[in-house]
Each structure stands twice: as C-alpha cells, then as structure tokens.
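Which chain is which? They are A, B, C and D, in the order written, and residues in each are numbered from 1.
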Amino acid sequence: MIPFSYYVILAITLIFIGIFGMVFRRNLIVMCACIEIVINALIVLFAAISYFHRDTTGYIVVFFLIAMAAAEAAVGLTLIVLLYKKQRAIHSEEVSELKG
Amino acid sequence: MEKLVFYYLAFAMIASGIGAVVSRNPVHTVLFVLGLVLHQALLLFTLGSEFLAAVQVIVYAGAVLVLFLFVVYLINLKKETLKRRFIKNFSPCFLIFLLFTLIVVKTLLFLPALTSHFKARLPFPKGGSPLYFMAKNLFQTYLFQFELIGVVLLVVVLGAVFLLRRLDNPSEEGK
Amino acid sequence: MGAEIKIIIAAIPILPLLASVITLILGRRFFKEASFVLPVLGILISFFFSLFVLSQVLHGKTFEFDLFAWIVSDSLKVGFGFLIDSLSIMMVCMVLSLSLLIHIYSIGYMEGDPGFYRFFAYISLFTFSMLALVMSNNLLQLYLGWEAVGLCSYLLIGFWYEKKSAADAAKKAFIVNRIGDFGFALGIFLLFSAVGGLYYHQVFDNLPLIQGKTISFLGIKWSLPFLISFLLFMGAMGKSAQVPLHVWLPDAMEGPTPVSALIHAATMVTAGVFMVARLHPLYLISPGALELVALTGTFTCFMAATIAPTQFDIKRVIAYSTLSQLGYMFMACGVGAFAAGMFHLFTHAYFKALLFLAAGSVIHAFHHAPDPNDIRIMGGLRKYMPYTFFTFLIGALALSGFPGFSGFFSKEGILISAYLSPYPWGKLVWLVGVFVAFLTSFYSFRLVFVVFFGEFRGGSIFHGEKPHESPLVMVIPLMLISVGAIFAGYLDIPGFLKSTLAHEPVHPHHGEHFFQNLLALIAGLSGILVAWWVYIKNPELKELFPRKFPGIYRFLYNKWWFDEVYHEVIVKPVLFLSRRLVVGFSDLFVIEGIVNGSARVVGGIAGAFRRVHTGIVNHYAVFTLIGIIIYLLVFFYLK
Amino acid sequence: MFKAHLLSWILWFPLLGIILVWFVPRDKVRLIKWITFLALLFDLVLSCVLLKDFNFAESGFQFVEKANWIELINAKYFLGVDGISVLFVPLSVLVSVLCVLISWDSIKYRVKEFYLCLLFTNIAMVGVFCALDLFLFYVFWEAMLIPLYLIIGIWGGPRRIYATLKFFLYTFFGSIFMFVAILYLFIKTGTFDYLELSRHSFPIEVEKLLFLGFAFAFAVKIPMWPVHTWLPDAHTEAPTAGSVILAGILIKIGAYGLLRFCLPLFPHASLYFSKLILILSVIAIIYGGLACLAQEDLKRLIAYSSVSHMGFVTLGIFSFNPVAIKGAILQMINHGIVTGALFMCVGIIYDRTKTRQISYYGGLASTMPFYAALFMIFTLASIGLPGTNGFVGEFMILLGTFLKCKAIVFFAALGVIIGAAYMLWLYQRVFFQNVSENVKNLPGLKFNEIAAVLPMVFFVFLIGLYPKVVLAFMDTSVKALLLYLK
C-alpha cells in the first residue's frame, strides 16, 4: 500500500523540475516541453486524488488536462514556428520585442 | 510488489524529467519527455484508470510529443545545440528559485496534515467499474465542459492554421 | 402721440443704419464710385425727419417710447427706445446737419480712394450710432451708442490701415476709450443697484433714494451719488478726451480729415458732455462730482491750450484745440451751467468742423507731400485757395470768440456762468477760462498766419506749381458750415434747452458784468494780436520761446510727456506682467511645472518598473514564481 | 410616439449616420460628407422642433424619458431637458453641422473616420445635456473624450500627441473625482436619479467634499484657473473642427455641470465655496487676458481668451443672482458661437497658409476684405461690443454679480479692458498694416467656409439685439434653480 503523500511528493518533484526548466532554459521548445512536465505532474496528482477518494471527478479533470495540454502544445508550437519563420530565433533572450 | 512498481515508475519519471530539462539537444528533451509520459501512463494504470492510461499514451505520446518532434525537426537546430543551455544572467532568478525550493520544502512539512483525509481507501460505488462512473459523470454532469473542450480544440486547430497561413502571404504583413 | 411720429422718430437713426449696412455689403462689388448715394440719401431724409420732429418739439412736445424690449430679465428691463426732448433733438439736428454736409464734402475728399465705399458705410454707421446715443431713453442704449461710436471711430481712425501709425492710433483710441467705459459700466451697475432701473425717468425719479447715502467700495467709504457720477464721468473722460484719458484724440488725427471733423471734433467727442448734461440731476446732487468735472475740464482746457501752439501738424493743433474746448464744456457743466456747456457744444460743433474741413481742404491740396499736415511747408495759401482761406478764417474767428461769431456767445456764456456760479471753484474756472481764451485765439491765428499768410514754402514739393483750390463739392459744404459757424451763436440754445435742463441759464446782460465780459474779450483779441505780432510782424520772435525756455518748450512740445509716462507706467508693466509673469513664470513654469512635474514623477516610477519588462519569457516565469511564493507565504504564515 | 421620444430621436439620430457612413467605401469621400451633413442637418431640424415644443412656463423637466437600463445598479436611461439645458441641444447640433462644413475640404486623410468621430461626438454632446441619470451622464461625459481624443490625435497639428495626452489625462484626472463622488452618492442613496438626489440632503462636511469632487471635474473642463493649461495646447493642435467643438461645446459642459449638479445637489457647499470660485473666476479673467497679450500664436491666443471668457461664466453662476445666472448661460452660448466662429476663421486662414504665427500675417484686410469683415464682427463680439451677443452676456453677468459683490466686478471689468486690448492688437497684427508678402495671393473664401461662418454672424446679431429669444427659455428654470439656494 503506497501512501497518498508519496504521490504528492512525486508530483511536487516533477513540478519542481518543470519550473526549473521554465525558468532557466532558453530554448523555447524545451520550455514548452517543461510545461508538459508540469502538466503531467498535475495529472499524477489528480489521478491519485481520485484514486484515493474513490471519486471519478479527478479522472475527469485528468481527461480535460490532457485535452488542454494538447491544445496548449498546438498553439505554443505554432507560435514558435511563426516566431522562427519571422525572426529566425528560438531562444528567449533573442526574442525581446516586448521589452518595455 | 506494488511498492516496487511505484518506486521504479517514480524514479524513472523523475530521472527522465531531469534528463529532459538538462539535455542540450531538444530532440533528446522530447525523447525524455516521451519516456516520462509512458511511465506516467503506467502509473495511471496502477492508479486504477486504464482508460486514462490509454488516453495518455495516445494523446501525449502519440500526438503531442510527435508534434514536438516535428517542430524540432522543422526548425533545424543542429548548431543551436552547441549554444548555452541556460539563460544568461540568472543569478537573481536562481535566488528566487532557491526561495521557491525552501517554500516547497516547507510545504512538504505540511503534508501529513494534508493527506490525513485520504487514509481510508473507500470502495467505489456498486454497479460498475470506475470507468463506468467516469463516463457517466463526463457525459452527464460535465457534458457542457466536455463540449467546451471540443470547441477549444477546434479553435486551436483553426488558430494554428490561421496563424501559419497569414505568414505565407507576405503582402498582408506589416499591416 | 401718433404712430406716424413714432415711425418718423425711429426712422431717423435707422435710415443711416440701413444705408450703411447695404453699402457695406454691396459697395465693393456693385456701387463702387456711387457708394455715396445711399448714405447721403439716407441722412438727407433723416435730416428732414429731424427737422419735422424739431418743429414738434418747438411746440413744446416731448416723446418717449420703446421700440422693442432689448434685455429683459427679472429686475433688469431695458428696451431700445427714444427720448425726444429739446436736448436730444438739438443734438440730433446738429449731428445730422453736420453729417450731411460732411458726407457731401467727403465725396470730393475721398475721391479715388480704394476704400471709398467703406468710408461712406462707416461714417453712415457712425451717424446711426451717434443718433442712437443721443436719442436714447435709457443708459444702456446710451452705452450701446457710446461703444458703437467708439467702434466707428476705431474703424475710421484706422481707415488707412496699411499705415502702422493709423492702426496703432485706432487701437489706442479704442483701448483708452475702453478704460473710460470700464468706469462707465461700473457706474451703470452701481446706478442700477441703487435705483433699480436704467431708464432716465427711473433714475431721476429715484434720485432721492440715493441722495446722501454712502457705500463702501473697494474698502473705501464713498458718497453714493459721488461714486456713481464719478464712475459715469470716467466714461465721459474717455469719450470726450479729458485728462488723463485724452491721449487718444491727437493720435486719432491719423484718420481721414472728414472723420476728424465729424467724429473727433463735432459729435462723438462731445458725447461725454451730452451724457453729463443728460444726467445733470444726478450731478447736481453731488457737488463733489461737479467739482471733479469742473477741475478736470479746467485742467484739460489749460493743458491742451498750452500744447497746441507748439505743434506743427495742422490737424493736431486743431485736435488740441478741440480738447481745450471740450474742457470749456466740462467747465460749464462743472459749475452747473449745463445749458451753457451745451450751447458751446453746439457752436463748437460747427466752427470746429469748419476748421477741420478747411484744414482738410488744405491737406487735400498738399496730398502728395510726404507729410501733408505739416504747416511748415505751407504759407501764403490765401492767394491760391481763397474760399478755403475765408472759411478757415471764419472758423478761427469763431474759435477765438471774436464778437459777432458763434464762439463769442457761447464762450462768454460759460465764463459768465462760471464767474457767477455759487460753487467755490467757479472763480478759478473763470480765471483759467479767460487765460485759455487768450491762448486759444493765439494758436488759432498762429495757424491762420502761418498757413495762409507770408510766403509759399512748399515750392519744392509742387515743383514750382501752385496748390489749387478744392473742387466745388468740397467748397460748398465748407461755405454752408461757415454759415453755421457764424450764426449758430444767434440761436437761443440755452433758452431752448431750459425745458430739459431745468437750470436757469445765465444770460450775459450787457453792462451788468461789463468788466468780466470785457476782460474775456480783451484776452481773445490780444491773442490774435500777439499771433500777428509774432508770426507776421516779427517772424524771428517765434524762435524766442524755444530758445529762452527750452525745458518748458520741450515739455509742451512732447505733450506734457503723457504718452511716454503711460508707456512706461502702464503699457510696459502690463506687457511685462503678461509675458514674463503670467505666461513665462506662472503658466509655463509654475502650473505647467506642477502638471508636467507630476507627469514626470509618474513617468519616473514607471521607468523604474518598466525595466521589469525585459521581454525575456524566463523572467516572466520568475515573476509568476514570485507571485506563487508570495501566495504560499500568505497562505501558510498569515492565515 | 415621436413627440414622446423626441430627445431620444435627437440623441440617437446621428447613429443612423454612423451606420450609413460605416458601410460606405472609404474612397467615396463626397458621399460620406453628404451623409454626415444631412444626418446632422436633420438632427438640427429635430432639435428645432424641440425648441418649438418647449413650454416656457414649466420650470421642471420636459420631454422626459425614463426606462430601466442597468437594473443591477439601478441606473436608468433617463433623459429630459429644462430651460437651462434645452438651448445646448440645438447648439451642439448646430456646432456639429458647421464643423462638417468647415472641415469639408480641410480634412485630407482618413476622411471616413473623421466624420464617424464627428457623428459620435454629436451623440455624446447631446447626451451630456439631456442625461438626468448621473451614471448615464458620466458615460456620455467620458464618451465625449474618445472622439475628441482621436480628432486631435489623428488630424491635429505637429505637437498633437503631447496635446492629446495632456488633454486626456487632465480631463480624465478631473473626472475621477467626480466618479468617486457619484459612487458615494450611489452608495448612500442607492440611486443615480438626478431628481431623487436633488431631494436628498447631506451633512455639510460631506456635502463640501462631494461638491469639491464634482466641481473639480467641471473646473478642469471649463477650464478654470489654475487647471487651464491643457486648453491652449489642445486648442492649438486640434484641427479646426476639433477646436470648434472644444470651444463651442466641450468646455461648456463644465459650466453646465456646475449649474445642473453642483448648485442643486450641494446648495450649502455651493454657498460655502462661492467666494473661492468667484475669486478664481476673476483670476481666470485677468490672467487669461494677460496671457493672451503675450501670445504669438493665433489659436493659442483665442484659447487663452476662452479661459478669460469662461471666467465670466463661472462668475455669473456663483453670484447666485438670477440676472447673472441667465447671463452666464447666455454667455456660454455666446462663447460657443463667437469663439467657435473665431476658431473657424483661424482654421480658414490656416488651411491656406499652414501657419498660426501672428507675425506671419499682416494686411489681410486688403487681400481678403470679406474675411476681414467677418473676423471683425467676431472680434467685436468677443470683446463685448453692445449690439453683439457678447455684450448682453457680459453685461448681465457683471450687473448681476455687482449686486452681490462689487469689488469682484471691479476686477472682472478690468478683464474687459484687457480683452479689448488683446483682440484688437491681434486684429491689427493680422489684418492691418502693410500687406505681408506671405498673404499677397491668398484665394478668397470658399462656399462651404462662408456657409459655416454666416450662421454664426446671424446669431451674433440676433442674440445681441434681441436676446429675448434665448432668455425666454431660461426664466422659470433659473428661478426654480435659485430656490435650491434659498
């Protein structure tokens, strides 16, 4: 029997890794991938909650999460491609038009 | 046995996560994430939802990560792999991240209180598998949200197509 | 009172107005050289109407009615109306007769000027305004006419607006008049607040209400009638060019000469006197105001008479003489002899217009000289311009108060009234009046002798040719006016005005005050004699005064330094105030400093914060993280 | 149906114009202009019907329309006019019509957007004068800023960005205080209804604060000294139509607001602050006049003269005398006509020479005599010559104020002298003296320009000689207004 807290620790670790990547990597594709990692961590968490709570709502959230992740990935990657085509740049430091 | 499986899966996920974050080549990153996703599918299987495990494999591994791979190959970044992995002046970022770490650790100390609700493993209601209840919920209680997700996906598809189409038509640029 | 007479009375001012407006609109395109027809016609008809009304008034009738309500609001009710009594009909006839003759004269004088139509439109508009002023039955319409004649004066002084001096003079006239009108308006307000109405009859009926009252204004306690009279008199000072607001009149000579004759000698400038006479019951209850009027008149009279002999511009000399004569009129009003003042106003209008027009005839002959007004280039014109000479001479004699001419009667009337007046300042007025009578005849005959006698000095300008007499269209009005200048004095104007002014005019009975009469007469005659002595007999004498008293001479020649003092004391500080203090310091530095300063502070803060927006996505992620951290901290520690 | 909703018709009719113009292709410039012109002209006809049907004897609101709008906050669609506001409705529409005429040829780019802005401005202007619900009023009040912001910012002069920013921020800054005050009123009373609010009374301290909140917003708009500095910049950089709307209507709204809201809603505070406002008004009169004397720029000069003239308006309003208040309302209308016309005149000449520097001109009276005559008429009206409308307003204000406070009038009347000085000096420098080389061959007035200015000439003399046509509207309403202050 695995306690619930193990799942939480696993999820937090994954989130931690994902955020680390978000903050420190400069490749936009990798940053997108890191978002996926964070989302996966959430999937784990929700699935565990549902499993332990005997309630399918968590699973449904997971289901939605996967769909949203797919959507997010599609848009994000489109933007990256667009950006690359326009500016030939894929690294966050090279793309700073929004600098105030 | 149960624990062993869990330890293996957890270890594999964390390892491939770390690998994804630190690998220099985006292709490797994507492959590491693929590994993470597959292991996670197994984890979902152990968490009692075969359906989600399947969806995870099909959508994540089959669609999203393939998309990533496409993009990585589309944007030929061979030489980019030689560049620095991490952003330049990250010392303040690092400090903040450290703070975050501290907070997370602090959070973990609260865990016992948090997880006390989930001690008892309640049985699923009678009359069907978890999948049955899930489907029932999904198509009854959450039907609207379900449809909404469909719309969102449609919008995403249209948006992606629209965004990339405009680029091909240079006459409209700069407006 | 029948409807017909109302229409006739109303038509008197309206016809010139119509003529003016039509000429102004259509003159440039359609009438061109024939622009004079309508105004002359309009004024001619008005003149006949006014004669008709005069005949009615001579039968002892007075008319008062409102044409329409102008401003009606709560307690304030003012209409466009007419009050026809002996005072106003005298003014109306005087204005119209002179205006008519001057219109005709101008046909010749302004011939060929590109602004021909404009001139007639303006001068006709002026006639309307003046009529509106004198025929008014309330103070506000008086004020309307008051400002409207000022406007016409502005337009006509600046008639040759390409000349900077003309434009400057026009502006100066208007603004100086505005200063007077400022007081006038305050006077109207005060009067309204005191008696609750602006119609003359309301004012006169309620005079007992204000008699002896005091009021505190600007922190000083004033006698109410005095303050009202004083403020109203400020307007008169501006319009009638009394010290200290007289500075515009000499400059106003930049306008065409007929304008000087009509507006700046005969009619407009006498509006102040008319106003004082019209409101004489008000002035009579305030001896202080009367004293002020008398002393202002006396001082102006004296000052102008001392300046006139030093000037070389023919029109300016006459302009200063106008100032001086206006002073006489105010002197008369100031000693309570309103009828005498009005009588002098009446005769003065004719002989001064005559002088101006005759001078205009001379100027017309000299019009291609660089400065056609300079008497030093004239001389001996008697031979070349005989009609002009005779008419000018008549004017000068009348002005000097030569026995038998109109000026004699009216001036004697003033001096005797002053001498006999019950007011303590009467004697001083009389003394100065006599002395100024001497100066008056001196400077007027100085002009006569310098311009018409001696040798012709303008040969270089005329290239050996001689100046010509002016055309008939100018000479005939001159002659007609000279008839007026001689015989106006024989009319019993004071007696005629008795019904309105309600003040027993002092008739100089022969023998009774023989000594005083004789003294004034001698003063006048000796002036002529001295002028003859200095300018004909011993021409070298005229350099004597400037050489002996250069300081005084320069003081007089520069018109007592009024312009310069005003420039230093008023114009410059105001401009300094506006440029440096208001705009430079207060507006651009203080207020804009505060406004833009606060904007800059906000901008600075924003500038500090804007560095946060690096444009690098990772940093944004860090900020999200900070947010999460703060949230968690709050969640865990501040619960 | 039509009569009962006349105000709504007037208010929303330009919307039809907006829709039509919207669908016209942007290169069909003539069509756009004609649609705008006709729409506004018809609106003008409607507002004349409003004047015709107005009942002089009634002191309350007429043509009232009331409907629920946002039930959540009890905001209503509540329109109505009384004697104070009824005149401003046709004035606004008239100004808009003339703006179309005067910009007929002078707007060269983005024509469609310009006329859309103009139509939109008209809606907002009329709305401000009709709204009797504070929320609705505030909506229109702020909505007015948008089209003007665009008009100045897009079609303005070289420093237009600075000017628009300043204009917008200044007025917006002011409005915020009013908004807070409105919210407070709502929270305390639960309604935005003007009529209900005017029956409420507040503790004097609260009333003072509320008054300040409202008055500050209005003061910025008027603009009173010392918050006037946006006006010269905005006027100077705005295109002709923008200046005319600013001078003609926008800055009237401030004074109108004082009359409509500050006096009846906060009578005690109004009395308490009246001395202060009177003094500020006098400062504005003299200060504006002196500032005019130093200007080298035609439009700037006229803008500063607006400060001076609006000083008279506030003076009249806060003397609480019926004559003065009527004079103030009249002066608002006069100022709209005269200053609007002066800006049009400056616009006419600016279109030809592209400069506003006074020193550039000279001797225009010789080259453009008709134009000079028109300008002269407006100059005279501006300095308040009897017989023109400017006189009646100024005279009534000063007379009425004199009954309350004599010293104030003494100084205000000094402003009249300065007024004559700067206007005549301006006229001399531009029209008199030697003909400047720059203006030798200027073309005469075009038909649309004459058509835009001549109605103003008509009103100058109509109001000047027979002010009853205007004063008759206000009598009962002003009387009713003064009852609040008893």
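Going forward, contacts are C-beta pairs under 8 Å (C-beta built on N, C-alpha and C of every residue); 3 or more make two chains touch, one makes a residue touch a chain.
The structure displayed is predicted, hence computed values, not measured ones.
Of all chains shown, the one whose average CA position lies nearest the global CA mean is D. Rounded to a whole number, the gap between the C-alpha centres of subunit C and subunit D is 37 angstrom.
With centres set at the average Cα position, the gap from subunit A to subunit D is 58 Å. Between the CA-based centres of subunit A and subunit C the separation comes to 92 Å, rounded to the whole angstrom.
Note: centroid distance subunit A to subunit B, computed from Cα atoms, is 5 Å.
Within subunit C, contacts with two or more other chains are made by residues 616, 618, 622, 625.
Shared interface positions of subunit A, defined as residues touching 2 or more other chains, are 19, 23-26, 92-93. In subunit B, the residues touching two or more other chains are 87, 90, 93, 97, 100, 107.
Touching chain pairs in this entry, ordered by label, are A-B, A-C, B-C, C-D. For subunit A in complex with subunit B, the touching residues are 1-6, 8-10, 12-14, 16-21, 23-27, 29-30, 32-34, 36-37, 40, 43-44, 47-54, 56-57, 59-60, 62-64, 66-71, 73-75, 77-82, 84-86, 90-93. Subunit C makes touch with subunit A in their complex at residues 610-618, 621-622, 625. The touching residues of subunit B, counted against subunit C in their complex, run 87, 90, 92-93, 96-97, 99-100, 103, 106-107, 110. Within the complex, the subunit B residues that touch subunit A are 2-3, 6, 10, 13-14, 17-18, 20-21, 26, 29-30, 33, 36-37, 40, 43-44, 47-49, 51-52, 55-56, 59-60, 63-65, 67-68, 71-72, 74-75, 77, 80, 83-88, 90, 93, 97, 100-101, 104, 107-108, 111-112, 114-115, 117-118, 121-125, 130, 133-134, 137-138, 142, 145, 149, 152-153, 156-157, 159-160, 163-164, 167.
Looking at the complex, you find that subunit C touches subunit B at residues 616, 618-619, 622, 625-626, 628-629, 632-633, 636.
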